[in-house]
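Naming follows writing order (A, B, C and D), and every chain is counted from residue 1.
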Amino acid sequence: MSINITVWGENVHEQKIPAVREIYPDGMHETIAAGLRQDPAFTVRTATLQQPDHGLTQEILESTDVLTWWGHCAHGEVSDAIVDRVQERVLQGMGLIVLHSGHYSKIFKRLMGTSCSLTWREAGEKERLWVCNPGHPIAQGLGAYFELPNTEMYGEPFGIPTPDEQIFISWFEGGEVFRSGATWKRGNGKIFYFRPGHETYPIYHNDTVKLVLKNAARWAAPEGSRWIDSCPNVPVGKAPEKIVAKGGVLHQPGEAGFK
Amino acid sequence: MSINITVWGENVHEQKIPAVREIYPDGMHETIAAGLRQDPAFTVRTATLQQPDHGLTQEILESTDVLTWWGHCAHGEVSDAIVDRVQERVLQGMGLIVLHSGHYSKIFKRLMGTSCSLTWREAGEKERLWVCNPGHPIAQGLGAYFELPNTEMYGEPFGIPTPDEQIFISWFEGGEVFRSGATWKRGNGKIFYFRPGHETYPIYHNDTVKLVLKNAARWAAPEGSRWIDSCPNVPVGKAPEKIVAKGGVLHQPGEAGFK
Amino acid sequence: MSINITVWGENVHEQKIPAVREIYPDGMHETIAAGLRQDPAFTVRTATLQQPDHGLTQEILESTDVLTWWGHCAHGEVSDAIVDRVQERVLQGMGLIVLHSGHYSKIFKRLMGTSCSLTWREAGEKERLWVCNPGHPIAQGLGAYFELPNTEMYGEPFGIPTPDEQIFISWFEGGEVFRSGATWKRGNGKIFYFRPGHETYPIYHNDTVKLVLKNAARWAAPEGSRWIDSCPNVPVGKAPEKIVAKGGVLHQPGEAGFK
Amino acid sequence: MSINITVWGENVHEQKIPAVREIYPDGMHETIAAGLRQDPAFTVRTATLQQPDHGLTQEILESTDVLTWWGHCAHGEVSDAIVDRVQERVLQGMGLIVLHSGHYSKIFKRLMGTSCSLTWREAGEKERLWVCNPGHPIAQGLGAYFELPNTEMYGEPFGIPTPDEQIFISWFEGGEVFRSGATWKRGNGKIFYFRPGHETYPIYHNDTVKLVLKNAARWAAPEGSRWIDSCPNVPVGKAPEKIVAKGGVLHQPGEAGFK
């Protein structure tokens, strides 16, 4: 079974900031996509903010099993209509992997319903990510922990709803901790937030990070069917038990509800 | 300790539809407020869509411990800025009780992150609400179940994230079931969804419904402190452990992050 | 990939009560196994209370991907040592499907940590199981609901921890409701409780029930690796960061902890 | 409102090991109790393993709102009958605060259903506990974090079901992290696990630790009513909807179910 992955990248700092372009000459999205392409079961394409519909047309999303999301300075430029569209597909079962500064993306905040805030420091310090559940699909092939020599720090409190499962917790050289890998299900879509990924460090060139992303994409792939959620009226004559309508009504037979 | 409750009402069908006005001559919000005022520990005021800021100014929300929300045909007329404001207060700890057709309100969908859809039928059928946890604060004073002789039916599937606790499940005469009472916590705010409340029946005049709402308001009142969630930078010099900055940076010292 | 399923049956009422034997002449476990064998990807064997180790030797459990559990009158005769063994395998990733009266089995109560109690009535009444999440793997191939013409009733309150996902809720002819299909994860094991299955009705001959069990077995199959959970000491010299031991100690180097 | 707290202590190492006795001359339970007695709303008594019924008679438990549990080397000596009794009271609404090495106590493993294992190191290293939710009642009066200069280390993976809320995560000098404060609800009982507390360090003399325990006891106090959970039969004649019994039955009218 092939898994269709769309790697979404904001693609702004790579264009504007030489230090970032040096690390990611083709854009961060292309490096992330290249890592995923190591798995022959994946069919991987990329999409960026600058494309029409930010590269996320209805057709693209319909044929996407797993979407990865990296954004930072341009969250506000993502159109609400596209966010609606992505949310709808997640509820239908598309997997979503939200990366690093994507904690503040419209789509992540939309799906969480919370502030998604945190504390942060840009000091190139060491991060050690501990595996909280070594048997979890996302942690396959990892040891008890893995380290990144230089990272931006994200610290607790992280303004999220309680995750379904805690996969990683980070230890930072400067003394903080963070829930760096966590999962949620919303509708039938599996969501994974993964913390590493600051654009001034070569995080997405790291082999262990690539492994986590491959594991996560496999885990997030849809299972079950695509359910188009709606709010259907059940006419009196179609009730499972025979009933006779009583009392006042607002709606005429066949009328749609308010939305 | 007094609990400050604001009862929000859309107040449209009461004005337009004689059958609704007959049941709720002062508006549904006033009937709901009157039920809550039976508890001397509550200080209750009302607010409606038609007022400036929909009656939900920053000052009103700041001094609200628990907000109840009833809306139906005019969800789309609620301003996004007010929804932002209400969400912020919920995350800070304000309780929120969402009633009946409020399942499709902007604020409920915002906090859940899902479609919040369901199936429905307007046939005045009987509903029996079973208590799933008789020891829960919201179920105090109830028996194993209570009945409403005439209600609109809401049926599964209900498009919500898994609740923290299931309080009521409904049995309908026409053969459906529904998760009619459920709780979630988002940030420090407690959220309770309560299904009954169609405007063509005198649901909010029912003594058991009043009891549930009083219990729920008491349960939803803030505990803990009001935490103003933000995304603060921790300068290198303020790290708990001594560190020396290494590697590239995006931000100048003291600069705010992207949002 | 083949999935190894072990169907465990208490096998007491089938031997003692003619009305049960008539419906399940080879025992309920054989009927359940036959239904699962319809899926060529499954390798299915059975085990019963009366066998040495209740048919659940270490070897059998090691090679079991999914265990189904039906018991009723003889929960107390299941040895605690075997319950320990089954629990350990669930935590390592073996799926567990608990059926009907298995709500009071030692293994289900052990994994839930709660009373698992409910209300009940034996009146051969109609049950309608509503699908709460039509996109879920366990609900594939079902319509909005399915019916069983004659069942024992189980009613709320059901003494369980909040499920991870609600799959089915039942409507009963006599007026009750029940959370009839629910999932939990404990360790790396997926657990599904499925309500239908009273021994005086031919529930496990029903095609829809067979379909649900096949779906559930596929869903519950292990993913990830088998993690043997332990409580290892990390010697000072093996700490990820260099530290020097300070203060008093209870344990000599290399000593195991208390358990 | 007064809250009745029972502080349970294993009271073995205090008797046997001079280094522990020096820090806790009256036993760890008395130090923990003294800290809680700082709050005039609390009525605090202690109970130990060596007393009849381990000091936890039915009468004591009936009148206990919150039980704290510290044990380490003698978990196996706690009688299963007393564990049954404590579990029953938790399900009825009694709060339970499990301390440090109590992660391996029978009562905690019973309520969690999992291994509750972790990694550990006894090196007197520094621990910094970060607050994951500053608005939570258990975190009131704390800053962003607090530190303990000398602690035993506990590290991830921690073999627990996903907590309802994450209150603290620890950073250790030696490089590990741990979910040091977490809550669950089982039945109507609130459960809080709090990590610090090794007997060779004066942890329970620490003012911040005392504050956390006072906050936690207040949070864990019962709300709602005491529900005695059972498995009652609903006779056909008492069904909410009129039904006529059909099909085979196992039980005579009035007979109890199997357990």
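Please note the rule applied: contacts are C-beta pairs under 8 Å (C-beta built on N, C-alpha and C of every residue); 3 or more make two chains touch, one makes a residue touch a chain.
Quick caveat, the model's predicted, so the values are computed rather than measured.
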Contacts common to chain B and chain D (chain labels): A, C
Most distant chain from chain D, judged by the mean position of its C-alpha atoms: A
Computed distance of Cα centres, chain D from chain C, in Å: 27
Chain B-chain C separation of Cα centroids, rounded to whole Å: 35
Junction residues of chain D - those touching two or more other chains: 128, 133-134, 155, 157, 162, 164-165, 171, 175-176, 185, 187, 240
Residues of chain B defined as touching chain D within the complex: 92-93, 128, 133-137, 139-140, 145, 147, 164-165, 171, 185, 187-188, 219, 223-227, 240
In the complex, chain D residues that touch chain C: 13, 17, 19, 72-76, 87, 91, 101, 104, 110-115, 117-125, 150, 153, 155, 157, 159, 161-162, 173-176, 184-187, 198-201, 229-236, 239-241, 243-251, 257-259
Complex interface listing, chain C residues touching chain B: 128, 130-134, 155-158, 162-166, 169-172, 175-177, 179
